[in-house]
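A, B, C and D are the chain letters, set down in written order, and residue numbers restart from 1 in every chain.
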Amino acid sequence: MTVWLALDLLLAAGSLALAFGVVRARRVFTAIALFIAHGLLLTLAWVRLDAVDVALTEGAIGAGLSGVLLLAARHRLARVGAGRVAEAPGRAVTIAIGLGCAAVTAALGYAVLALPDPAPSLAAEVAASLAATELGNPVTGVLMVFRGLDTLLEAAVLVLAVIGVWSLAPDRAWRGAPGAPWTVVEDGPLALLARLLPPVGIVVAVHILWVGADAPGGKFQAGAILAAMGLLAWLAGLARVPPTASRPMRATVAAGPALFIAVGLAGLMFQGAFLAYPEGLVKPVILLVEFVLTASVAAALALLVLGPPSADARP
Amino acid sequence: MPPPAATDWGILPLLAVMLPVLAMVLAAPLGARGAERLTLSLLLPGFVLAFGTAVAIHVSGAPVVHLLGHWSPPLGLAFRADGLAAAMLLTAAIVIAATALFARDGFGTKPGAPETRAAFAFWPLLLALWGAINLAVVANDLFTLYVALELLTFAAMPLACLEGKRETVEAALRYLMFALLGSVLYLLGVALIYGTAGTLDITLLSGRLGLDAPVIVAAALMTAGLLAKTALLPLHLWLPPAHAGAPAAASAVLSALVVKGSFVILVRLWFGVLAGAPAMGAMQILAGLGAAAILLGSAAALAQPRLKLLVAYSTVAQIGYLFLMFPLVAGMPGSEAAAKAWTGGALQAISHALAKAAMFLAVGLMAARLGHDRIADLAGAARSMPLPLLTFALAGLTLMGVPPSGGFAAKWLLLSAAIEAGQWWWALVVLGGGLLTGGYVYRVLSAGLTAGGARAPAPHPPGLPEAIALGLALLSVALGFLPLASFGLVQVGRMGLAP
Amino acid sequence: MSMLADAFTLVAVLAGIGFFAAGTAGLLRFPDTASRLHALTKADHLGLGLVVLGLLPQAGSLADSLRLLAIWALVLFAGAAAGPMLATLTRRTGPEA
Amino acid sequence: MSGTVFGLLGAALVGIGLFGMLVRAQPLMRIVCFNLLGSGVFLVFGAVARRGAGAGFAADPVPQAIILTGLVVAFAATTLAVALVLRLADDEDEAPR
């Protein structure tokens, strides 16, 4: 038992040290590098919290895609100049803010320690109702059945975010393809990796999606892996992104949430409640929705990392 | 309280949320022109759904509830539309419809014309905003409300900088930072509440939480986060540049609806989730901040050289009125004064939404005709643009609280509730705020009514946009003609009341 | 038999950790990017290889063993691609980029 | 025990991230710190989930599902913020010419 406690404390200490490093880092690049390392440590922390589903997502999105996004942004800012920078607060203000934040941490820490014991939980309710969903993974059960609405709305949030990001394109670049073309590196070892890895990644993603019904995994993790594979191929110049006007691309992003809402409305019509699944067909319907959602999530995540079409084509 | 049980007609608020969301998802593949037509075709059904919800609540005298997938809370999620929710659904449907019709001029796509960036983005953003505000008033689960808040932010932020000018992008970034900080603090509170009670359903939580340490910390975090999103002074700094820099149609929905979403969630937090935990001190602080917002916001509006900024600061001030209801409702729960304050707060939210949307649309029309929005150079506006100036004046009456307008009814209810509750100082604030509001409205009118300078544009035959803005202003005034009894609707399903 | 397997695991994993420690020390202490890269990739390839090798007897099934080997292979790939890219980049832009 | 340790770590990360968001001036730094703050919030939620273990589950699956949803929403927020920052920088770049 104590070995595990020591490991937890070590993880927490490492995470704290990296977090301090992020905040104190003089260069943005250092901060981002430390932040990615922090995300990887957190992935281990999630495993220790018995949240393997979250660990997979944290690794793929929290550390992976966020890291790529931030590093690419830093790279671009370094090229065009850091941009106008707000005035950093003076010493006295900084100290005051520091004390305030320490107070927030103290209050929050106290609240965490003061949470009631035994802790309230819905684990028993989930266990009792999970059989009706024909799913083996309780987290997938919550995501797709009990709190299916949240998942549906979250998929809609991704579509909205893509629209929001595209709306930030400069008008003269609007007809172009998302992403800044100068990031593409066409030769060297990256091209090799971009040829070898995607087949493996696709197999892994399909596996993660498939086992998600009964074991940790699911559409978001699989979608993130697929998005990463797509981005890799794009970076190596092996794949092109169609222009914003492309109907198939837009339809891919929209298909998952649209199907999910359609299934919900069908439940309203035939079962009398939104998102009530047809009896006996619960699992097939859920798997179908998850399958289409994975494609939409992958497309949306990749487009979000690419950013709006850029007017900047310089090498 | 026991978990909410499904009722008849629960499908109405559900569809009021899901139809705009579905339309938003379909908007991108349909393209700008398709999205525009889809939005316009949804305006009437959306209004009917909101109206139907109100009728169902009025007839049954109880909230309308839909359980998603037949799963009942705490495991499942519920939509619960009470009187306040129905009133907000109706307001949103009206404001969205007016804005959409108004926006056809600026964001419409002619058949065969290429899709522009602004037109591509505007319609789905408007639809998302509509779905999000409806979700924010009917969802009964604290985490679903978090998703609603994020949807609201992600729709509102790009609207604020749709023109792509540098200042507006800067304002949008500042707005996004405030909003993200606000929602993350809110989510932190949600985590603590789940850890304390094991449920996030507002009805189930109501009366179950005492004043334990985690609950106090959660309440503080969530309140701070929601205040940042509602732009209550001193967290208002993001609002004026963001709302003033947006295109007129976007400003209208931002000021009229978006800030109301987080306000309604705050009401649900204090009078639903925390109904069993009286915190009069916190209520007085909220109202104190509201009072400061009324006085300082109005004074700032009085000093603005630009018309759009004046209207935006007026929003900062009018938001303050909403917060006066907190100590008055909490002071003597179940009393006549509390009921009056509740109705007053709801009515203020509605009448401000209508009046402010009208005002922003009118100001947008004036700025478009003049090519600028400097108040000092408004001379001749009364002759060249009589309808927008009249719209501004009528909306101003509601904001001032001059009888017989919707704003008068709201402010009168708050004022008399304050006196009945023995908290007369809030009544003074209401009166003082009305005077200051009169000051800035008069400033604009007097500038517009001066005989035209040489640069005043020629008179212009009013079209549909002018009529829409005027219609909203007339509605905001007409609210005051409704018999007071008809506002009983917003009392239905109020939590923390003896049944 | 299982004692022997456990002992093998212990030795191999400890040796792997040793390589990781040495690699990390090299990353921190070596003077230039090329030798740092050298230290880092050695730790990745050999250290992880030893850890995976040590864990193989503990794997419950053939599928689990294959997964462990797949992890090693993927890291090798990534290292093989990232190492030369970093080296090229440093040669082109200097160590501070 | 893990629940408490990582719950407290979450509390600390919230304070650190908040501090960075308020004190650091570069917009990109603020976004990184926002993500730090977010990871603290999710850890607190994760601690709540771990404490709710029962009925044969090692943790309460409801908050775990909520964290998954929250992670994806937070990522979408990050991409929007980054897009805004890049847009501002591009404008800056072109203004003088």
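As a convention for this text, contacts are C-beta pairs under 8 Å (C-beta built on N, C-alpha and C of every residue); 3 or more make two chains touch, one makes a residue touch a chain.
Computed from a prediction, not measured in an experiment: that's the story for all the values here.
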Selected pair, greater C-beta contact count between B-D and A-D: A-D
Gap in Å, rounded to a whole number, between the CA centres of chain D and chain A: 11
Whole-Å gap between the CA centroids of chain B and chain D: 28
Distance from the mean Cα position of chain C to that of chain B, given in whole angstrom: 57
Chain A residues counted as touching two or more neighbouring chains: 108, 111-112, 115, 119-122, 126, 146-147, 150, 154, 157, 161, 164, 168, 170
Set of chain B residues in contact with two or more other chains: 75, 143, 147, 150, 154, 157-158, 161, 169, 188, 192, 194-195, 198
Full enumeration of touching chain pairs: A-B, A-C, A-D, B-D
Residue numbers on chain D that touch chain A, as the complex places them: 1-20, 22-29, 31-33, 35-36, 39, 42-44, 46-62, 64-69, 71-73, 75-80, 82-90, 92-93
Contact footprint of chain B on chain D as seen in their complex: 14, 18, 21, 27, 30, 34, 37-38, 41, 44-45, 47-48, 51-52, 62-63, 66, 69-70, 73-74, 76-77, 80-81, 84-85, 87-88, 91, 95
Chain B - residues contacting chain D, complex: 75, 143, 146-147, 150, 153-154, 157-158, 161, 166, 169-170, 172-173, 176-177, 180-181, 184, 187-188, 191-192, 194-195, 198
Contact footprint of chain C on chain A as seen in their complex: 188-190, 192-193, 196-197, 200
List of chain C residues in touch with chain A within their complex: 70, 74, 77-78, 80-85, 88
